[in-house]
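Note that the chains are named A, B, C and D in the order they appear, and that numbering of residues resets to 1 at the start of each chain.
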Amino acid sequence: MLGTARSEKFKTKEGRTEAITNLELNNIEGFICIGGDGSFKGAQLLAEEMNIPVIGIPGTIDNDMYGTDHTIGFDTALNTVVDAVDKIKDTAGSHNRIFLIEVMGRDAGFIALDGAISSGAASVLIPEERSNIQLLAEELKLQSMRRSNLIVVVAEGDDAGGAKDIYDKLIPLMEGYELRYTILGHVQRGGKPSAYDRLLATRMGTYAVELLQAGVTDVMIGADGDRLTTVSLQEAVNNKAEPDLSKLNVIKLLKTVS
Amino acid sequence: MLGTARSEKFKTKEGRTEAITNLELNNIEGFICIGGDGSFKGAQLLAEEMNIPVIGIPGTIDNDMYGTDHTIGFDTALNTVVDAVDKIKDTAGSHNRIFLIEVMGRDAGFIALDGAISSGAASVLIPEERSNIQLLAEELKLQSMRRSNLIVVVAEGDDAGGAKDIYDKLIPLMEGYELRYTILGHVQRGGKPSAYDRLLATRMGTYAVELLQAGVTDVMIGADGDRLTTVSLQEAVNNKAEPDLSKLNVIKLLKTVS
Amino acid sequence: MLGTARSEKFKTKEGRTEAITNLELNNIEGFICIGGDGSFKGAQLLAEEMNIPVIGIPGTIDNDMYGTDHTIGFDTALNTVVDAVDKIKDTAGSHNRIFLIEVMGRDAGFIALDGAISSGAASVLIPEERSNIQLLAEELKLQSMRRSNLIVVVAEGDDAGGAKDIYDKLIPLMEGYELRYTILGHVQRGGKPSAYDRLLATRMGTYAVELLQAGVTDVMIGADGDRLTTVSLQEAVNNKAEPDLSKLNVIKLLKTVS
Amino acid sequence: MLGTARSEKFKTKEGRTEAITNLELNNIEGFICIGGDGSFKGAQLLAEEMNIPVIGIPGTIDNDMYGTDHTIGFDTALNTVVDAVDKIKDTAGSHNRIFLIEVMGRDAGFIALDGAISSGAASVLIPEERSNIQLLAEELKLQSMRRSNLIVVVAEGDDAGGAKDIYDKLIPLMEGYELRYTILGHVQRGGKPSAYDRLLATRMGTYAVELLQAGVTDVMIGADGDRLTTVSLQEAVNNKAEPDLSKLNVIKLLKTVS
């Protein structure tokens, strides 16, 4: 098990030659790479330049990998978000109080979207959908007549900005309302792995070994529901994962009934 | 939202007639039943005797429902089991110490099996596989040469008994070893629902409403990976869910490498 | 048990007369007030204007009450802070990475100080001590040679600003370092109460009833270690609680050895 | 920082001579011993036979050390117990259901007593008080008319036995009631340390170093509320800690009002 860090050197031919020499010196006959896009691109280069089989395992809390329903770490991060929202909701309810909670997701709204649904948020802002702050303010005013402690989950990479930016934009539009914000940041990157992530990681790891033994290379393991699948590293890296935007309807439906 | 309890009265025609009258008095036009086998059998009777559409949602921590990969509550219970095992493993390691941990599962080993894999257990005893305590003792002795704080997850309904029974049977076979047991019991039935369970519950609930609106009746909603499906209540109730016994291989593989 | 909210009306003589009438109509013979400074001032006025005995119980996560070592809620909030820092520390260590974490404390550094010690922070900024950002930057550079993932706990009411302000000030002083910040916000106000807080609350509540039965009035219950004490509401309200600044030495000591 | 395990060898003069030689070879000039009775007895022998200063720090989840209000680990264990009881209470309430929960405490009822109060238990059985199972059954019947999901916390070393024994004795006395039991076991020995325990440990550790630097030896550090104190190791080891039995009144009071 090798710990890793981003390496500028590795991006050069010389750096990779050094890496290959190290792998050969240690009689490494196969290579299992756990990570996201960047890691897989490096792994592919290594596999080409050396002649070593490579298997990718998707490991990133952001869930933004093509070719798999879930990446390892996503479920743990979601539980951290839900736990934080639960704690915010515990505070004495007030009908004119609105909480903005910024979650990770520079380019993708996976955490924000599933985090919002599973924590019963009033609204969610994600990079995949154009945000309209004026409309958001109106909706929050409407909803606050029916519920207290409204939660808005904000992906850090939303086109309207992070929680602090949204806060600044909402303040002049929502006089008489009390707005607060929380920026979870790297809290989402840690914590004890959830049972789901452990199962996924154990199963994918076992499968990676089986694939190497069977002579397979240049694929990423994916999860199609509970079934493990494979997709070529090429395809995984060249495509963009998109969250299921039909889930926005679940939030809209909850708005009208709760 | 109606709270529920088992009712002897409901098992009689008179009891159900009373229930039907209550539903009619309250203008209930559809019926969403969250539960397991027993609840669904009752719901079916109600649907037949009255003329009301019924949708089932699988909600039981045991995961023993045919027609769905996961039931609502199972992921939360798994996390409780993993958390308990983590705490047990925190105690100062010793190479001759073995912990038996009894988890729920009167007729099915779902919690035990996934709990064992996700907590890195040394062994697991489930009702679906005949237990051999003599063999278990030999394996534990072998493994204890390589790892400390060995964990054995025991389903309460295992054919060799619960954790206390296994403990009594192992004691004479494992002189020189320190054996301890934990019986988790109803701790597994509570706790804050995990993100996974909340997502599943929210999505299944939304889908149930859509199905009722579309005139569908007598089906249980299932999860096929991330996709929601339906199966007739009849089929769901008449078949038995089986855990994926190939997962036992994951535990066997881990035994040899860890 | 009465839920509460800040009331402008209660600050007027008329508002309080209405409150008194309500208490009399309901045969309320004694009054246990759980809260902080503001609540106790109101309770005192009520006790004067009506003729009803009043006992105060210190309940605020900020711990800023004179006359008690601990207020109910403080231990729970501390555990939330420690949990968040633990999660941040879980991320892959890097020697040039610094995390600022903003905790509650508008006027007092109790949460920040105990939170910093119990989470092994590299530094802490509290309102009670003048902050020197230039010096902080130098210290962080020194410490980052010995430890990775340095944590700086920032009380929201620090004289140099909140975590975002400190971040903005540190950026130009720490080129080559990676700075991140987290703003916990109202996450600290919720969560399941810790065992410590439950014990304290149960014991103080029981004691309050005993005091009322014994004819005592106008006192706040305090905790002197494990012993329950009383202090006059007057004294509790007129004095300011100060954190034990000698605890800063513990952090300084940890800096030199870790 | 030295990891430890019980050592038979250390109980002999030869074993200790070996230990002393090792300490001298490594230029160890002082000795901080974290543990309970047994560890301190060993530390004292070492201090006598060698000429090395020794400071004791009370570290045991059982809290059974004379000379300190709290031992390191106790608060963490209490939180584990409270968390387990909370989860049990989450299950659908029923007025004839009683849960027995066995907690650690072979000779002392500290965990059971504080665990019972902070989790709102209906009753508690501790070694320090003679248990009357007949009376317990009557009380539970009375209480079950007013509350659902009654909890009885049982110290493993109670004179009437552990949870399983109490269960066996209650069954014939409580026909028509549903009894369940949970045996937490070593789950209580692990888990992430609570904020309280971290603060206590950090402060005691710092103080131990200061004491050694000041030439103090043969004392155990204790906590008198928030103040750190010292007591001679002799006195600490020769006296027995007793829980505050007046706390039983809190439970009795809660029985009558809830």
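We adopt the following convention: a residue touches a chain if its C-beta (ideal position, glycine included) is under 8 Å from a C-beta of that chain, and two chains touch if they have at least 3 such contacts.
Only a predicted model underlies this, so the values are computations on that prediction, with no experimental measurement involved.
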Least step count from subunit B to subunit C, where 1 means the two chains touch: 2
Chain of greatest Cα-centre distance to subunit B: C
Shared interface numbering between subunit C and subunit A [over half = same, under half = different]: same
Intercentroid distance (Cα basis), subunit C paired with subunit A, Å: 33
Cα-centroid distance, subunit A relative to subunit B, in whole angstrom: 28
Multi-chain contact sites of subunit B, meaning residues that touch two or more partners: 86
Pairwise chain contacts, counting only pairs that touch as defined: A-B, A-C, B-D, C-D
Partner subunit B, residues of subunit A touching it in the complex: 69, 75, 78-79, 81-83, 86, 114-115, 117-119, 192, 194-196, 198-199, 202-203, 206, 223-227, 250, 253-254
Residue ranges of subunit B in contact with subunit D within the complex: 3-5, 80, 84, 86-92, 94, 99, 164, 180-191
